[in-house]
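Step one of this worksheet: look at the structure below.
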Amino acid sequence: MISRITVHKSRLVLGMAALGVLTAPGLALAQDAPEMLLQSNANILWTLIAAILVMFMQAGFACVECGFTRAKNAGNILMKNYLDFSAGAIAFFLVGFGLMFGADVSGVFGSSGFALGGTDSTTADGQWTLTFWFFQSVFAATAATIVSGAVAERTKFASYIVLSIIITGFIYPISGHWAWGSLWLGDAGAGWLENLGFADFAGSTVVHSVGAWVGLAGAMVLGPRLGKYSADGTPRAIPGHNIPLAALGVFILWFGWFGFNPGSTTTADGTIGYIAVNTSLCAAAGTLGAMLTVWLKYGKPDPSMTMNGALAGLVAITAGCYELAPLGAIGLGIVAGIVCVFSVEFLDKVLKIDDPVGAISVHGVCGALGTLAVGLLAAPGYGDLTGLFYGGSINQLFVQALGVAVVFAWAFGTGFIAFTVVKAVMGVRATKEEETKGLDISEHGMEGYNGFQIFTVE
Amino acid sequence: MISRITVHKSRLVLGMAALGVLTAPGLALAQDAPEMLLQSNANILWTLIAAILVMFMQAGFACVECGFTRAKNAGNILMKNYLDFSAGAIAFFLVGFGLMFGADVSGVFGSSGFALGGTDSTTADGQWTLTFWFFQSVFAATAATIVSGAVAERTKFASYIVLSIIITGFIYPISGHWAWGSLWLGDAGAGWLENLGFADFAGSTVVHSVGAWVGLAGAMVLGPRLGKYSADGTPRAIPGHNIPLAALGVFILWFGWFGFNPGSTTTADGTIGYIAVNTSLCAAAGTLGAMLTVWLKYGKPDPSMTMNGALAGLVAITAGCYELAPLGAIGLGIVAGIVCVFSVEFLDKVLKIDDPVGAISVHGVCGALGTLAVGLLAAPGYGDLTGLFYGGSINQLFVQALGVAVVFAWAFGTGFIAFTVVKAVMGVRATKEEETKGLDISEHGMEGYNGFQIFTVE
Amino acid sequence: MISRITVHKSRLVLGMAALGVLTAPGLALAQDAPEMLLQSNANILWTLIAAILVMFMQAGFACVECGFTRAKNAGNILMKNYLDFSAGAIAFFLVGFGLMFGADVSGVFGSSGFALGGTDSTTADGQWTLTFWFFQSVFAATAATIVSGAVAERTKFASYIVLSIIITGFIYPISGHWAWGSLWLGDAGAGWLENLGFADFAGSTVVHSVGAWVGLAGAMVLGPRLGKYSADGTPRAIPGHNIPLAALGVFILWFGWFGFNPGSTTTADGTIGYIAVNTSLCAAAGTLGAMLTVWLKYGKPDPSMTMNGALAGLVAITAGCYELAPLGAIGLGIVAGIVCVFSVEFLDKVLKIDDPVGAISVHGVCGALGTLAVGLLAAPGYGDLTGLFYGGSINQLFVQALGVAVVFAWAFGTGFIAFTVVKAVMGVRATKEEETKGLDISEHGMEGYNGFQIFTVE
């Protein structure tokens, strides 16, 4: 295990440059230099704080997914979020982290660090490893929880737990290794995609699209909710039951994203501020883009779609938050907001895939969009790359497209297999009666809002 | 653009003193001194974290405003909060920041930094500028979102968006320049009020009162909600629909305020802890003051008023959080809690101004109170000033009163003009039918709580 | 008042070791060494951020306690949470802090620092004192708020306020002094339990069990809610009215716990990351342990119990978060989740004590469990101790058991006296009519959800 500071060098050229004399030969990596220790402590501090913010995104996803679906399934979807984070964290601890960040095998998967074996918390290296694990564990949970939205209101709970563990322990770490394998062990852990120069700073593709493409596979295997499509295929809107809860959830996600994106430096350097600027402006523009699109298209500014526009902007900027300039972030956000609205409609009306909360469009389509945008909008004076629009080479765009495509193939393919196998072995869909009655009563023996009068005909 | 560290010197005498040898001539501002770089990184880190906390206050305002109003307008008020932060951030990026912090013109407005033109994120100055912008952008959004509470449940959505942009892009930045203009460019940006010695550390007047006085203007132009006053002028209470949501919102605001006040050092020095102490004690005392007042006055401890008391304490301490001692903060909080209750009643019963969530009393009246309190309660051993109660000069109190008065005149005046012009051009109030049916259905084509049975007669 | 850095040495051996040359004789504690100042600022920064996170746990407790009880008492329980934090903070400021951390008298209580008298915020010592006070004040509020859950839905509001002040100002600080007295003044403040070697890093016993044992006493003095037990003593389930709110609350608590546990270093060193790892894994395992237990026992995975399992894991790891290895944390979490389910059933069915939200089992029983676990599971390579399972001496386990027992005796005993005296003096229980109608109407003159149709027969 090499030093954290060397590892970061591969990713954070700017960050290290900013450290100036701290990395000059005479002082470099000398554990006895107080400045190095202080920066090292600051890096752990920042990475921990960022991880805590990202952890809180679990609450955001829970509120969004619960609020955008029906009251009769409220407890069920919350349970899925709890399971994603609890079963998921343990699966990632035992297996996933090692597959994602361990010693590289052929650029395809990692092979060490399972259960953090051999980590000694009394050394600086061990302390960093444990902090880094925590940061990565909350990212893994994010990927898993995106799936629960796409397959909401109809999936058997026991089957979902199995699928969640497969995602966090296997599907997410493997493609994650391709793009981010070097982040712990440096060159010794590097995956094939990052060796080609694929840039996805905080995970538009690595985290968000992976979750969405698995969710797409799941939604296809499961089929739509009862009553979602009439006999002739006309989609019916099934409104969410608690828009204030969902609105709070989107704000929580926006808040947590300031850990997700700036925290992905894992270094307390001077770049974290502008990454937050890009993140916030892109989300703001996504909100506006989606609101105006839906307003023009359907005549009224719909809150659910507007909030999904904020998320679309956040997902889109995740890949390029370190590479874009603020004006580029605004432009990207507007496009992401518009694309999100059309994508939701396309899935709903043309493909007839039932995604109750819009997760596939927000996290999948806008994740791909944001990843490609790095090849176009990476700006001089920000980050390490130069995009096509600023006179850079088209090669970067090709690499970005390759990454988007192979991660789609991997996540959708393995997701489809996983859902299909689980379906064959233990069943994956609730019965008609269970679904009609609501999963809260049938799966969990409880009600989300005991005492409230709720319309039962839905 | 001068160095951030020099800029801070003008404001944060104590902070810089604490930096001891770091600012001694031999080392001062030497970019090659590792200690300076570490402190610089720490300042960016702290300012970013504080900004993230303040951003989350948007969620708090959304919950408070939604919970304290009726279910039929829940989606509408949430949309306003989303728009304040999204359209607002972009307006502040393009125009507001430059007017507020750019190169000063006659002490009245700033004139550079629009769209952060020329900022280079690879330099320490550029990194600070971008971080500072983010911190200030979430403050601007706070001012805007206060207005939405005061004009809730009856404002046309499209008109509100226009007004929100005017507030964040123009009204707030101009008076902000007067008091805080020097924070980015130092003396080159200084406004006339700060040159007189006006002290408003984190914005009781600059942020909170500005929002409230614009809201007051809006509430007057709009008139009260249908059914709020009977024919003979007797006010009717229109209770909020979701007190748990509002209670969560107040806690979120309290939480975010620890970014708002301590973060306004924008320096990771040793003063941030006691600023948090003052903030928390004043809020606690405000809670008690309001609760006991309402209990004695009306016979029962009303939760909505008690929670507004917490906010009253938070608003009041914002100006003097760096100047007061803890006992002074407790005293101020008790007074703010009491004043808040009487102010709400005075607006409601005497002035007959319909402020659905109490925003004008909490943010306006208690903001003025807190700003004046600096002149009285600034304590030796804390901050830079000495208040009248500790033997200081009365001049500070005069300057504080001047600041309160001119900012009232500016914000109320321009707010009144803006609401009046928008009313003339595009209309500012929902129709009777829209208001009766609820803005969610009429403006947004949705319901906040689909499936729940809600009394329709309201 | 001695230097903060010396104080920490007694607790944070690892942290100080990591500081390497910074604490070498030549530099040690020299205020003119820039590295010392930077680390000092970093410690204040981290302690403040952690305190802010812990403060937000008040919102989590409010959501959990409100969601797990009935709609007719929603406003009342929220008010109790507000009072715990507001009256509590002021009681802790005036009295509690001095009793807990002031100059020690016979190992039993502290005797200085009341109202932070003599603190000068312009010195490094004063700045640390104020920051440390804020951190401890949010811990005190946590202990108090646990009580409100155990005595929910039937306690007179005015009586509760008095009891809350007694807890924060007297009961909690005294036992807290025994275990943590040295944290402010070093040896001069040390209590008798810590002198014996009692280890409770972040307060499984000091904070959580104290709150729970006082709550147990309160629940016994009050008796069960009307209708909770039939004439023959059969318990009836009284389901919570808003499970999504409670689920959000548990996530907020989980989030805030990353301030509670890692923040208890009060030093920005390299250990904070692995403390977060232990915290998260134990909570994840607790979630799984409780869910599987309730699933096997009752046939369905109940969300309320599963979420309580997460809290059980969090409480259990609090004592040993600095001492356990990650695998030990997982093991402890599973046991805590299982124990929590059986404990809830035992209280409900055998002891017939009505604890509406399960606070006694989660915070009391699992707090004791976690405190004992330090004697068993403290791992080499983590923290300072070696547990029995790793070949350590059994003495530590005895000391842990002693601490658990005496704190139980103190908190339950004084809690019982306090509730009994308050009952005699002013009454402690709402009347039958008030309780049936709901405390919101009868005590506060309001409704939690105005406009919603809620079943009135409960």
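Order of writing sets the labels: A, B and C. Residues in every chain begin at 1.
We adopt the following convention: a contact is a pair of C-beta atoms (placed from the backbone, for glycine too) under 8 Å apart; a residue touches a chain by one contact, two chains touch by 3 or more.
Values in this document were obtained by computation on a predicted structure and should not be read as measured data.
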Using the touch definition from the top, list the chains contacting both chain A and chain C. B
If I list every residue number at the interface of chain B and chain C, are over half of them used by both copies, so same, or under half, so different? different
Give the rotation angle, in degrees and rounded to the nearest 5, that superposes the C-alpha atoms of chain A onto those of its identical copy chain B. 120
CA centroid of chain B to CA centroid of chain C, Å: 32
Please list all residues of chain B that touch 2 or more other chains. 35, 38, 42, 45, 49, 242, 248, 449, 452-453
Touching residues (chain side chain C, partner chain A) in the complex: 14, 17-22, 35, 38-39, 42, 45-46, 49, 53, 70-71, 239-244, 247-248, 251-252, 254-255, 258-259, 262, 268-274, 276-277, 280-281, 283-285, 287-288, 291, 298-304, 306-307, 310, 325-327, 330, 381-382, 449, 452-455, 458
Complex contact set, residues of chain B against chain A: 31-32, 34-35, 37-38, 40-42, 44-45, 47-49, 51-52, 55-56, 58-59, 62-63, 66-67, 74-75, 78-79, 81-83, 85-90, 93, 115-116, 119-122, 124, 126-128, 130-134, 137, 157, 242, 245, 248, 443-453
